[in-house]
Amino acid sequence: MPLELSVLSPLVVDFPFEWNYIRSIIRVSLYVSITAVVLSTLFSIPVALLVGFKDFRGKTLLTSIINTGMGFPSVVVGLVVLFTVSNEGPLGSWDLVFTPEAMIMSQFVLAAPVITGVSLAAVSSVEQNVRDAAFAMGGTRADVALVTIKEARYGIATAVLAGFGRAISEVGSVLIVGGNIAGSDGTSVTRTLTTAIQLEARQGRFETAMILGAILVVLVLIVNAIVVRLGGDTGGNR
Amino acid sequence: MTLTADDVHHGYGTDPVFEGVSLTVAPGEVLAIIGPSGVGKSTLLRLLALFDEPDGGAIEFGGEAVWDVSERKRLDYRRRIGMVFQEASLFDASVRRNAEYGLRVRKPWSDRLRHELATLVGRTNGTGDAIDALETVGLREKAEQDAASLSGGEAQRVAFARALAYDPEMLLLDEPTSDLDPRNTAVLEDAVLEARNRGIGVVIATHDMHQAERIADRVAVLLENQIIEVGETERIFEMPRDDRTRKFIDGELIY
Amino acid sequence: AALGDDGGNGPEISGETLTLTTTTSTYDTGLLDELNAPFEDRYGVTVDTVSLGTGAAIETGRSGDSDVVMVHARSQEDEFMEDGYAINRRDLMFNDFVIIGDADDPAGISGGDDAVDAFAQIAESESTFVSRGDDSGTHTQELEIWGEAGYEDGDFGEWYQEAGQGMGEVIVQTGQSEGYTLSDRGTYLSMINETDLEIHVEGPVEGGPEILSNPYGIFAINPAVHDNVNYDLAMAYIGFITSLEGEEIIREYTVEGEQLFFPEAITEEPNFQQYVPEEWDGSHSD
Amino acid sequence: MPLELSVLSPLVVDFPFEWNYIRSIIRVSLYVSITAVVLSTLFSIPVALLVGFKDFRGKTLLTSIINTGMGFPSVVVGLVVLFTVSNEGPLGSWDLVFTPEAMIMSQFVLAAPVITGVSLAAVSSVEQNVRDAAFAMGGTRADVALVTIKEARYGIATAVLAGFGRAISEVGSVLIVGGNIAGSDGTSVTRTLTTAIQLEARQGRFETAMILGAILVVLVLIVNAIVVRLGGDTGGNR
Amino acid sequence: MTLTADDVHHGYGTDPVFEGVSLTVAPGEVLAIIGPSGVGKSTLLRLLALFDEPDGGAIEFGGEAVWDVSERKRLDYRRRIGMVFQEASLFDASVRRNAEYGLRVRKPWSDRLRHELATLVGRTNGTGDAIDALETVGLREKAEQDAASLSGGEAQRVAFARALAYDPEMLLLDEPTSDLDPRNTAVLEDAVLEARNRGIGVVIATHDMHQAERIADRVAVLLENQIIEVGETERIFEMPRDDRTRKFIDGELIY
């Protein structure tokens, strides 16, 4: 009964990979997802502030569209990015097919709506009177925005973590635009932890898939701890 | 610099709050605005603080209509005004950071960034003016406490100190002593008078008729969407021209 | 009860569900729908077809979550039989592998009839080669050809990419990389409208080398190991698709006017080899 | 150049599916994801309230774990659920392998951390004094919780939508536990929109994948509109 | 029912706020608590409202130590107390729903659910008592307005009406008129006295010495972590035993 065994004893399984291979996969995963999340954050927070505090026609619609973006199917996002960067696509001359940069593009598209949507909820809950106070003390728009971000810091940190979670855990789009390529020397070119997990699972090597999954979860935990530390909040209480 | 409201109309949605309010406050004078709850005192102070553009009429600063100038220019005007809200509206940070806020936003970004970094690594030096302002309201020793954990009156005093710290030319105070005991009220009133003596113009919305009598040079009575009377404090309290003013002051006016 | 038209002699299986696991490349040809519909009609049952990687398809059988498994990876099938999970294996059908690649053919392999030479040329010209890299039947066959050409895993250079994905994805990826890959004919034909890649070396179906042949097997999961599997229905299924009627459906299944699979369950020779692991010497492995 | 064509003219492609097939796929997708999200919501909001307002040792750690859950790789979740429901797993006798119910289980695991994490941020931003007021007026704990939920309704709606987005857009786990099964009569048993998209994409039929993707996005948009309507908020302003 | 604090100690973190405070308020009397800003008046009222368990000592209701009984029992006690906070702390809903809240939570869940459903389909009937309470504070016509858009004084009056609506046996008021003009202050004071006459016990924390003189039967002076003096209002104001009391009342005491 190998399945049962494998569930109960994943830790007694010999570590089945070369460290070199694992290291290169981790590097690609982190490079792609962190870059994508940093870019999404830089894009999303200003958008959330604008949408949250400007009144305009179609605001409800725009909010719905942002929230809908949290449900974009990653395979479709992958296809769209593939079209864009493919040889015949608009960015064909940049030679981005099957590169980490293409993966960053697709993860950006996946993470940005999550970060925007959750940040929007967070900044919307900042009391108007605190924003007014910043304005009254002579703050510029940028100052008011900064105060809002600081008041909503816990919610925004959650938004960034949710976006990071979505980016680093998704497999559909990076498989399509990245190609899950490992070189013949056994180091990853565009193979991430998730695509490697998928590969192991395809091969029925469920234990090794679980080991890679555990590595991924530990990485996410570490990144979360760092973000929480930088966010300056222990969470849950403000 | 004189702050003027010239025939200002304003309202929320379709309900008007004022229909034609005119008012002037000069440097070195204290103008009290009195009127019953919900009449629009806070709304008027927000207009004077350049928060919202009035639906009609003009707000002028030094004779210039502030809503006709560039946003950059308006920022300059705003920075010469200090406002204390009816609610304390403190930032979720330490008392000291609250008090420093007005000074901080006036610094160039490079300085601010440097200061934030210094704070991160633990080397911080409290800005003198902010600490002085906290000293004025008797809360110097609370500087490092979290603003959210202050008592009602402490928060109100921090909000006052926060506006005082950057030394504005014009102070707009919305019920600044509503949560204070007599002694702390006196401290704040002293600070207001001291500011006036330095040539600062003060507008104070207050429900406390005694307070208006104590510190105001002039009083404006806001009633029924209008300023029904404005004049020297003594005159308003002793021989109001409008019967409604007398009734309001005596606490007999029912709304 | 809706009895099947087998006269009610067989075990009562009407209304039950059969779980079939197979590989994505088999599934994607669309053949199984053609086979399952008449089977379902006849027995009044439902067939749930799950397409997975080869390894995962077999693993699903190992845990007793499927009743019948259809794959094309003889060495893995043999191992599975030896472990005692698979019984009543039958050769089902075959098609072949083809070497496909960019229409421009940078390695100049087109028209050759030696797969090993073609691989060697690809390696020498350092043209991009996209490998399945997933231990599937196709991948196993590819590695065997590389072996014949004198390349072992690790001898490759930058030009050799392991995709670790299904055949369909690898064909798409090869098209984008303007490289080569080894594909089963079925998947290639089913995607012929979606790709620019062309066949450069044909398999045995079109007179190519034997090393490119691709035989499919089917087997039931041993009910003595997993008593929950639907063995009766599994055997009815195996019986049906290896019957004359099943073979006829396979033979007549075409994509783009081409026959995809060649039935081999019913032959003139007894072919005992289909029931046991290859190179089985008759002794019990214990 | 099929790729390029398909980008430029997805709309002129004839609709390539039977309505019957599409309808059954939509039904399975909605059944699975909505059930999973409803269950996750019922689980997550009480957890968020408890974690948000109780003080206990290890609270920071628990928050980190919840946030880490937002980054669980779906393939691994799929494998874990597969082990659980597999014939040899603890729930083997329930016969859940390759059923919509197993898919609900895995989407529950994926959606719950997102809903919990984002709700936690939302309820944490509710002012203590409003909670105190509910308590002072004679509210029980349940009443205080209800008031908190009402005050945080916009953030909680965002949390539910983020969870729904994660559930309905994911493909890794439903593929593993559901098996992407369609009957030979062309109706879905465990095929969802995402697994169907994946199927089309791996066969190179990108246009049809995009059409399915568009259907999915429209569905998500409709569900979002309904949630926002029920949430009673137009979003962005409170 | 008598509400008693018996030798209560309490603090935040390591800083004590009180060291041994004892206090009793009987049905049908108004007890005013006076003391400077930050001395702990709000903290004491929270303890009396059974929010927090005191670090030491006991809170008793009708002679029973409320922190020794079951939570269910304590809920009963809490429901006989009405509390008005220093901040209005209104719910993000209409004024009417705010005023009804206390009545709503006292209904069985089935009724509440039915009422919510009726509200959803638009058939609502305002609860009489809540509307009456709004009438008392003069805000009946604001019933359907959003609570967030009220003026400071309006919000404070709604908070008062909200506590009055469910007719508690004991009213705890934390600066209930700080944002009100004289007339509205008088209206609230009348309501308090009327409640007292119905046998309700009232504790009011106030900074307004005149208010304490006007409505309190007894006054407790909170200073330096202790109740330094408690007694008949007239006696406290006219011949305080403690010198600090006199100084505090005259606004001379500096903290």
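Think of it as A, B, C, D and E in the order they're written, each chain with its own count starting at 1.
Note that contacts are C-beta pairs under 8 Å (C-beta built on N, C-alpha and C of every residue); 3 or more make two chains touch, one makes a residue touch a chain.
Source: prediction; values computed, not measured.
In summary, the chains found to touch both subunit A and subunit E are B, D.
The minimum number of touch steps linking subunit D to subunit E comes to 1. If you compare A-B with A-C, the chain pair joined by more contacting C-beta pairs is A-C. In this assembly, the chain whose C-alpha centre lies farthest from subunit B is C.
Inter-chain spacing, taken between the CA centroids of subunit C and subunit E, is 79 Å.
Between the CA-based centres of subunit B and subunit D the separation comes to 49 Å, rounded to the whole angstrom. The distance from the centre of subunit C to the centre of subunit D, each centre being the mean of the chain's C-alpha atoms, comes to 35 Å. Among the residues of subunit B, those in touch with two or more other chains are 87.
Among the residues of subunit C, those in touch with two or more other chains are 52, 63, 165-166, 169.
Along subunit A, residues 1, 3, 82, 86-87, 176, 198, 201, 206, 238 each make contact with two or more other chains. Applying the touch criterion to all chain pairs gives A-B, A-C, A-D, B-E, C-D, D-E. Contact residues on subunit A toward subunit B in their complex (touch as defined above): 127, 129-130, 132-140, 143, 147, 150-151, 238. Of all the residues in subunit A, the ones that touch subunit C in their complex are 1-3, 82, 86-87, 97-98, 175-176, 179-186, 189, 191, 195-196, 198-199, 201-206. Interface of subunit C with subunit D (complex): residues 19, 21, 24, 28, 32-33, 36-37, 40, 46-52, 63-65, 165-166, 168-169, 171-172, 190-191, 193-196, 226, 228.
Of all residues in subunit E, only 49, 51, 75, 78-79, 81-83, 85, 87, 89-93, 101-102, 105-106, 148, 159, 162-163, 166 touch subunit D in the complex they form. Every residue of subunit D that touches subunit A in the complex is listed here, in rising order: 1, 3-4, 6-7, 51-52, 55, 59-60, 63-65, 67-76, 78-80, 82-83, 86, 88-89, 113-114, 117-118, 120-122, 124-126, 152, 154-155, 157-159, 161-162, 164-166, 168-172, 176, 193-194, 197-198, 201, 206, 209-210, 212-213, 216-217, 220-221, 224-225, 228, 234-238.
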